[in-house]
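Two complexes, one shared chain (chain A), two partners (chain B, chain C).
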Partner chain A sequence: MKSKPPYFWPLLALVAVLLIDLILAPSFFAFTIRDGRIYGSLIDILNRAAPIALIAVGMTLVIATGGVDLSVGAVMAIGGAVAACVIARPSDCILNGLQLPPTAFYAVAAGLVAAALCGIFNGFLVSRVRVQPIVATLLLMVAGRGVAQLLTNGQIVTFTDKTLSSLGSGGTLGLPNPLWIAAFVALAVGILCRRTALGLFVEATGENEEAARIAGLRTRAIIGFAYVLCAVCAGLAGILAAADIRAADANNAGLYAELDAILAVAIGGTAMTGGRFSLAGTLIGAVLMQTVTTTILTRGVSAELTFVLKALIVIGVCLLQSPVLRSRLRNPA
Partner chain B sequence: MAPVLEATGIVKRFPGLIALDQVSLSLTGGEVHALMGENGAGKSTLIKAVTGVTSPDAGEIRVEGKPFQPRAPHDAMARGIRTVHQELNLVPNLPVAENLALGRLPAGPFGIRWHEVRTRAEAALARIGVTIPVSRTVGALSIAEQQLVAIARAVDRWAGEPLRVLILDEPTSSLDRAEVVRLFDVVRRLRNEGVAILFVSHFLDQVYEISDRITVLRNGRLVATGTVAEIPHLELVQQMTGRSIDLESRSGARSRAILGESTTLLEATSLGKRRSVSDVTLTIRAGDVVGFAGLLGSGRTEAIRLLYGLDRADSGRLTGRGPGIRGSLRAGFGLCPEDRKRQGIFPQLSLRENILIALQAQRGWWRPLTKGKQRGLVDDAIARLRIAATDAEQAIGTLSGGNQQKAILARWLAAEPKLLLLDEPTRGIDIGSKADLMGEVERLRSSGMAFVFVSSEMPEVVAASTQVAVFRDRRMVSVFAGASVDEPTLLAAIAEGAPSP
Partner chain C sequence: MRGFDWRRHSALTTLVVGVLIYVGCAMNFRGFASLSVAMNLISENAYLGVIGIGLTFVILTGGIDLSVGALAGASGIALARLVQDAHWNPLLAVVAILVGGLALGMVQGMLVARYRLAPFLVTLSGLFFCRGLALYISKEARGIDHPVFKSWTDFAVRLPEGARLPIGAWVFVISLMIAAFVLARTPFGRSVYAVGGSAPSAHLMGVPVQRATISVYAISGFCAALGGILYSIALGSGNPIAGVGMELDAIAAVVIGGTLLTGGYGSVWGTLLGVLILGMIQTAITFQGTLNSWWTKIAIGILLLGFILAQKAIGARASSGP
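== the complex of A and B ==
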């Protein structure tokens, strides 16, 4: 008997939630086409899940190395703030000294570079200084938001550039751009990990770092890479979030994003202890959570309940994945 | 005398194989019973079945005549059946005293009585005749000392319950001779108290030294059981392997020409590190097998760590490779470490991935091996080293210890290193596997690969090596080559300076 892929149970849960929607409100699956773009609850779910999915892809690799990155929410804020500052050039902003041309390209590039620097900082602390990941990234989780606020002087920086804002709110071939971007990044990371030996190296490092080192892997570089990739994903998500509302809000951008991303990874069947990871599972996890949120909101259930219901579903999926419980159910002796 | 523990007709199936097929075992109080068999013969599974770790598919277990169906290891312990596993189950970050008290910390009105924890731990160690400071962290102890702590815990555990059966799974594989003698004293004392002891070991001499009866398993079946007198040495080996092995047939170092003109791979001059090992002076050439002989803790593993770059030397000179592990890898060196669980395997990853990781690391992440190439290499390794696994995608953590060891060897053989450092590669593996492994070493040596070979078994070192470095008290004391390599010489070098008995 071939064992089920790690994303089997979250996929089943996703199908179950969608079935409930189908029964309760068939209009959930309705599509309309306006101005050459497809609208509908399903598209909306995917669009809203995109930023978390993006972060969760990077988070999957970090968790697979046996670590965790709590700073992704703050890095989102930094990425958005840098992009907004480059393009809007608010007075007194220290980034003005860089004299970057205020175009969308430089805004995005500067945001990603800033995020990558955050990742290098995390990776350095974890792989070289050997600070425990949860502590190391907690530093930037706290300080990073402060950095973003310093960049924006505590103000919400607004911009009007059409190219940049279309990244967050525009569409291509009928589908929203964040969805395309998230799908592209997930696919690229998937190919990078599974068509090369990088995925195996990450898994080996997370399984047994000392054995990996002895076997010839550059474990510190691998761990550092995971944190940089994760931060760049977070920075990109921050840019998309800022582009969507044409503003960088350093106080609120990416708030609790780290928790949603970690949940998506956990639901997707990647163990928090490191080792084997599943990007497909992570993506399904991110979509599942957004589906639940959207379902609850469209059913008119109070928003407060959302979090509790989400938690229940997460527990359910995790229990289904638990080998202990499954063997109990199979042999109820 | 009625058996303390009697298992009859035990059957255990795993997907694709029958691990135990109608196996019976009977242990009498006051005997040492050796359980013998090669890797994968079913020894571990049988132990797991009688201790409640797994439940058998068929068969009956009785303890003192009463039916016994353990659901969890806890049940077995409560009936006085305790196990010391080969892979020690200690908490490395806790001190010895707390490890010994785990699960039964004495509580008073003001919380845990720490003083009592310490005194009890000292008493438990004293009972097996060991003095280890109980405040030391277990992780800081040598493997041998950790083993003794684990034995002390099993003997002492739940003092309220009588110890009926003590299962020792490879207890001596990390002990030096003095420690083995001390352990056997404890074993005999427990036996005289009426405890039944099940002793699993690959050291045949030790089995005959300590055991009263022997049970032999092969491929999940019971092939022989009887008193030590009924199953002599050669018979035992033949029963275990199912084939006759001529133990004397291996050629010694004397018959082996040393390749005088071959290239020097690594040269160490007075290499040392404080508190670790000193005076390592060696020249390793292509086609060499450099045996490291010496007692446990004599500095052999420490020397390996220096040579490979896991530790940085603070004195002496080393030529032949760049600094650190990366220097070793670039020079084409490999290391099979002593501690397989901590430094060797990736338990959740497949056998295939475990075998290919070193070669893949050599190629870099951007040049993955093709599926076909992977299959070819893995199938070849599995066949050549006779690794027993259902298929290459099986998680390596589910294989037996000996098969894991072979897989780690296969990992390096696939990477085709110029020099492979083998630290106790034969520890805990059976005779047939040893022969497979040593055969590979000799075959590769003659094609120009070099080895450093650490083993506690002197005949193996003598048989395999072109030169032998002797370690004593964390110093390399001498090197023997060619005709001067024989057991008496090495033993004399190891024992030199030791008080004569």
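== the complex of A and C ==
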């Protein structure tokens, strides 16, 4: 029997949820075209899932190396804050000293560079200093939001630049821009991992770092790369989130993003202990989470229950993948 | 120095740092070195201390519990609703919530111990679960003004110079004594350290690894619920979004207290020092007056980095020794 792909269970769950939607409210699948843009619940789900999917793609590689990155929410806040500060130049912001031109290009570039610096910090602590990943990234999770608040002086920095805000709320060829960006990044990372040996190296490092190193892999560089990529993805998601609301809110941007991203990866069938990873599974996981959320909201069930449901889904999917439970089900004592 | 294992005494470093910070603050700020500021440090951070004690047990086994902050928030709002709106007897409500916290911790422990799920994944889900539950119980903060709680908060042991130790501080101190005794003097305490040192070896030596693991998560859940109750009684209201980021403060306190995150080494006394150091940073920033609140986060982050690097250096020296 051919073994099932790692994303079999989440895909099945996604189809099940969509079937429930089809039975309960056929209008869920309706599309309308207005001003050259396609609107509908499905597009809305994909659009809202885009930032989390973006972060989850980076998180997949980090988890595949046997680590985890808890700082992505704070890095999101930093990315958004830097971009907004560069373009809006609020008074007495320490970034004004850089004298960057206030254009969308420099705003995005500065946000991504700041995020990459965060990733280098995380990667350095994990791969060189050998700090446990949970702890190393916890540092930025605590301090990062403080840094973002320092940049924005605790204010919500608003901006009016059309180019930057169109990244978050505009559309191209009928589909929303965040969706294009997330799809492009996912595809690029997918090609980078699966059409070159990089994906294999990452899996080897996560499976057994010592063995991979002795086999000649530069495991430290691979681990560092994963953290930098993850942080850049988070920074990009933060810029998209800020662009969407034309403001950087250092307090609330990316709150719980680390949880959503880790849950998406876990649902997608990537082993939490490192090794085998599945980018397709992660994307399905992110979409599944958002579908559940949207379904709950459109059904009029209280929104708070989405938290509870997410928790139960994750534990359920992880239990299904747990070898202990499987062997117990197969040979009941 | 031979025969001196720094990992066993990493709380000493914390003690030195703590004394330095205290002396530094006392020299810079008038009125810092008073009994009432010192007592306030304990009573204002009692809830964090109680949560940190529970977390110390989990971290000693090499695990992590990210659900404590959300569980504390859920406990606070549950208490407010049960007592104010459902008119439960306050004592009964407190007991019910403590049992609930214990049960939730136990379920998380079972998922970790029996089904080998990653602790941070299980407790992350626990965080979501508790946060959702709290918001489901009530979306808004609910005041607590039951006369019984009033009599509890009014109770305080008066000390000279106008200092006072309220009930929360006593709960913290008593929990600390019990935890220290359990860890140092009971078979369960020894199995906690053994599991943290190496779970497979502990298992081969006959330590009940599963039972110990489930127990530490149950203790952590219990302590988080207790901390949430203390927090909401002290504040006079339950808030469903109370405790956002509290798990980070608690983990920071445990780490600064010298408990190794890999498990096996550490003590609740270190956690006490860690909580006091965090409290002093907060108080110093308040005394200073011109620094904004986000400097607290940055200062805690830098301090945490320093301690983690120091732990690494100590660990490397200890393991490369003879």
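Throughout what follows, the second predicted complex is superposed on the first by the 319 of 333 C-alpha atoms of A that agree within 3 Å, B and C clash if a C-alpha of one lies under 4 Å from a C-alpha of the other, contacts with A are read in each partner's own complex, and residues count from 1 in each chain.
Keep this in mind: a residue touches a chain if its C-beta (ideal position, glycine included) is under 8 Å from a C-beta of that chain, and two chains touch if they have at least 3 such contacts.
Since the structure is predicted, the reported quantities are computational estimates derived from the model, not experimental observations.
Superposition of the two structures on chain A shows chain C clashing with chain B. Touch counts on chain A: comparing chain C and chain B, the chain ahead is C. When both complexes are overlaid on chain A, the residue A:187 reaches neither chain B nor chain C.
When both complexes are overlaid on chain A, the residue A:325 reaches chain C alone and has no touch with chain B.
In the superposed model, A:94 makes contact with neither chain B nor chain C. Once the two complexes are overlaid on the shared chain, A:297 sits clear of chain B and of chain C alike. Shared contact residues on chain A (touching chain B in one structure, chain C in the other): none found. By the touch rule above, chain A contacts chain C in their complex via residues 68, 125, 129-132, 134-136, 138-147, 149-150, 153-154, 255-256, 259, 262-263, 266, 272-273, 302, 304-312, 314-315, 318-319, 322-325. Only residues 1, 195-198, 200-201, 203-204, 207-208, 210-218, 275-276 of chain A touch chain B when the two sit together in their complex. Chain B meets chain A in the complex at residues 15, 308, 310, 325-326, 329, 334-335, 337, 342-349, 353, 357-358, 360-369, 411, 415. Against chain A, in their complex, chain C makes its touches with residues 64, 111, 114-118, 120-122, 124-129, 131-133, 135-136, 139, 244-245, 248, 251-252, 255, 261-262, 292-298, 300-302, 304-305, 308-309, 312.
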